[in-house]
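First chain A sits with chain B, and in the next complex the same chain sits with chain C.
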Partner chain A sequence: MADPRTHRLRLWSSALVVGVVLLAVLLVPPLVQLDEQAVDLSRKLLPPSWAHPFGTDDLGRDLLLRCVYGLRISLLVGLVAALVATVVGTAVGAAAGALGGWTDRTLMRLVDAFSSVPHLLLGIFVVALFQPGVWPVIASVAVTHWLSTARIVRSEVLSLRTRPFVDAAVSGGASRWRVAVRHLLPAVLPQAGLAAVLMVPHAMWHESALSFLGLGLPSHQASLGNLVQTARSSLLAGDWWPTLFPGLLLIVPTLAIAGLAGAWRDRLNPRRRSELML
Partner chain B sequence: MLELDTVTAGYDRRAPVFRGASLTVAPGESVGLLGPSGCGKSTLARVAALLHRPDAGRLVLDGAEVRAWRHRAPRELRTAVGVVFQQPRTAADPRLALADLIAEPLRATGRRAEAADRVAELAPAVGLTADLLTRRPHEVSDGQLQRACLARALTLRPRWLICDEMTAMLDASTTAALVAAVETYRETTGAGLLAVGHDRVLLHRWCDRTVEWKECLPAEENP
Partner chain C sequence: MKRRLPWGAMARMTGRRALAAVPVLLAVTFAVFAVAEASPFDPVKAYAGTAGLTASQENLDQLRANLGVDRPLLTRWWEWLTSALTGDLGDSSVMRRPVADVIGERLGWSVLLAVTAFLVAIALGTLLGVLAGRRRGGLLDRTVSSAAYTLEAAPAFWLGLLAIWFFALRLGVLPAGGLTDTASDTVTFDQVARHLVLPALVLGVSQLPWFFLYVRQGVGDALDEDPVRGARARGLGERTVLTGHALRSGMLPMLTLVGSRVPELITGALLVETVFSWPGIAAATVQAATSVDFPLLAALTVLATAAVLLGNLLSDLLYGLADPRVGFDG
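Entry: the complex of A and B
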């Protein structure tokens, strides 16, 4: 149990990290105008210095710049995949919960069928269908991650739709559609939003895993997974920086996003909220 | 005339809550239904409000037999019966301000334009002041919220009003105010009332006649 001070510290440090990361990925590429793919073999595998704070890789490319570009791709994949998965999951879960009967049974068996396949395997299958690129990776992560949101939203809707306020709306002439859109959906949106934020770091890790396996983005395109993958060979030669910095950039922002989501979850729970005096 | 004719209802077909209950409310009449907790009177109230499909039996409103329930019921029939529930906290959408709560039935039936006037008319009738109307349910007391729930039930001018333990959660003065509001509405519109509850004294004073739950059931169900 976090006391209010720890809670605030976690919230603000997470917000600071996420803010810095967002500023970096949004501002650095247009402002710096450097080519992160430019090869310079005379500068290969330089350790961190003032000129190259993160060092250079085995092709002499500046790692700080490549990390920023990599983080940009990873965040893009994470955000878009989480958004798509949440929208699909919320729609399926809300339809199953609100309509019930055969719709519910059919949709939930579909969810079960998807969940029965290990999702990395299903993700690999999806990327294998297309040319390597950002969109197949997003599709692969989204296709495998709407299931948990659908389950969360369905169970929320099931518990909400037996409440008297739904009866009152029906008695007041509301259509099925209006009850779903005006009364049930707004009630589940905070939960769905929380699931979406928690999914962003998860989706980033999936992108990295696919790229690390050589199935994600083409290797010249910087992504955190690609960076770690290409740095593996130099690690054995004692060059630690090409692995360490992309690895840290994968871990620290995901912890920060999870920290923000945790603060939001505390806010959603009224009892936690009063404990923390928010 | 609101007629419940040998209604059997419950939440599991094999074990209904009650069998063969009958009850009639004439236009302009107020009927109090008395019974112990758990006997099924709230379920009967939900059947009468077209919110729960009975396993057997008929509900007849002004000679028209009801054949569809909840969303499937024609809107004119559904809105002809207004209903007030026991617990205002669970009966009010927590995201709607009281004014929106009262106006919701008009918006849901495509009569948005009349909403502001109707709210201005109903709020004083149930004893809600203007400053309360902008508040959300968690910012008002149970009594104030129940006043808003009563106003919502009256928004579409129903021909019957069903009050399911409407005042069980409330203090004596709020109870008196809500009963007075219901009676004023009935005097001006001639609506029928079915008040369900276990407060004998209140229902005897309030209603034209009171019915014991066991009188609704056929003799073989009352050994």
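Entry: the complex of A and C
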């Protein structure tokens, strides 16, 4: 196990990265008076320098600025998709756990059936038929990501149902609905929230993969995936920076979010031993 | 010591799983048709292509009747299902050929790529996992573990593009994509082998973090256990302890879980085959999706689901074999 000092270091560096990312995507677009779409062909494909830390793309646009805008869109899509998936997963998991019986069995079979289709493939299928765009992408990410939350919430609810405070509420005359909403749901929210946070990077990854395949966001809403996709022709001509930086901007926030969520998870489940379980 | 394999129990489990797979596959095929029905996708316009823009309404209606898409959802689904069971999966509009032919021609290349990538991941993952698990918290462990977490966060398509840039453009030692050289019109072993290296490496490396972390955990835990302590107390050499005791008990659970990694493998293949223009079924799936080729897309989605179910079965069978306490009841 890592010693407390490395632990703290990891936590603070994760928090710092997440803070910088949030500030950048929230403040740069409204405050910085630069047009990320400004084309300047005389400055096309300049390698990284002080004036353009990430270099410029094949139309002479500043890549740092484009990456910040791309990250903003990826993050937004990831957040919304994770939120939708968590709400759906919590509702299904809570219903299955609280009602039990046939409802439980049917819902869990549904979860099993959904998890037998590879997620990206299901996403590709949905987006292809509904035509690429923001909402189909969000829907396709949400439709594949609620499963794990549903499983977590269901098992939490099942273990909570046997606790004395639930028995007390039931013998006090509380209705099923009231027990579910007032007693069970608040108790599972921390776990569901953790699942949601861990889902954000996953959803961002999913969105960039779809965008890279040409099945994601339209090119005027360039996300990080779109940026890698459009950089492909420059890469084949030997210019690496338009490909490298969007990818890095996907990796670094992912690691930081996972670091923060890991610390949160250690607080929720202090006895967890394996480093693999999420 | 030789143990007789429990063929009977394994066969019964396979049979039960095959029966359980039927409703899942039925549900997936039906869902595929239901989603298409609910979407704005119009098979007639897809079939007619640009000619559909100028055709009269009468002609379009005629075409609709000819294609049989004016009938209710259930009828179409049932018809597709019955002809699929006889091997007729319809015609692919983007490849202009029967779907069954497209799959038959491409499946082999995808399997070749996936198996090579898995071997790469297992070999590298075991080697690094043992080295890191031996001294957890050491410099090597910390370096490789951080690299593994970073790699886990890196999208496979991005890794593929950087690999093309470095190995194909910068060093010029390996081809950037495809199955054979552009000038060549025959498929030779030599060419395929050279074109396989980069995609297999990238797909393998993208699967590597998981293997590595499992072996590391398994070996590290096994080294703390009594059998290893006993072996050390008996004075066995470090190598024997590591390969004979720690690796065996640490690796078995990992190897059996390989089958359950099929979904991640398919996800990786979708991206890697596209980046390297590898002529497999995953690249065909992406092509089918971008040009909304419903017959091909439907068949490939169902095929992928079947592969996942098969992988789960394989993994459970192996797990039962590796750990007799688990058994074959699932």
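By definition in this document, the second predicted complex is superposed on the first by the 266 of 278 C-alpha atoms of A that agree within 3 Å, B and C clash if a C-alpha of one lies under 4 Å from a C-alpha of the other, contacts with A are read in each partner's own complex, and residues count from 1 in each chain.
Heads up, the rule we're going with is that a residue touches a chain if its C-beta (ideal position, glycine included) is under 8 Å from a C-beta of that chain, and two chains touch if they have at least 3 such contacts.
The shown structure was predicted, so the numbers you read here are calculated from the model rather than taken from an experiment.
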*Report for A:L121: first if it touches chain B alone, second if chain C alone, otherwise both or neither.*
second
*Which superposed partner A:H183 touches (first chain B, second chain C, both, neither)*: first
*asked:* Taking the superposition on A as described, I'd like to know which of chain B and chain C A:G247 touches: first, second, both or neither.
replied: second
_Looking at A:F212, would you say it contacts chain B, chain C, both, or neither? Reply first, second, both or neither._
second
*Chain touching more of chain A, residue-wise (chain B, chain C)*: C
*Should A:G173 be classified as contacting the first partner (chain B), the second (chain C), both, or neither?*
first
*Please work out whether A:P164 is in contact with chain B alone, chain C alone, both, or neither, and reply first, second, both or neither.*
first
*Would you check which partner chain A:R265 touches, where first means chain B only, second means chain C only, and both and neither mean what they say?*
neither
*Look at A:L255 in the shared chain and tell me whether it touches chain B only, chain C only, both, or neither; answer first, second, both or neither.*
second
*Complex interface listing, chain A residues touching chain C*: 1-2, 112-113, 115-122, 124-131, 201, 205, 208-209, 212-215, 225, 228, 231-232, 235-236, 238, 240, 243-244, 246-247, 250-251, 254-255, 258, 274-276
*How about chain B: which of its residues touch chain A in the complex?*
46, 49-51, 70-71, 75, 78-79, 81-83, 85, 87, 90-95, 104-105, 108-109, 149, 152-153, 155-156
*Mind pulling up the chain A residues that touch chain B in the complex?*
163-165, 167-176, 178-179, 183, 186-187
_Quick check on the complex: what are the chain C residues that touch chain A?_
24, 27-28, 32, 35-36, 39-41, 137, 149-150, 153-155, 157-158, 161-162, 164-165, 169-170, 176, 213-214, 217, 262-264, 266-267, 270-271, 274, 285-286, 288-290, 292, 294, 297, 300-301, 304-305, 308-309, 312
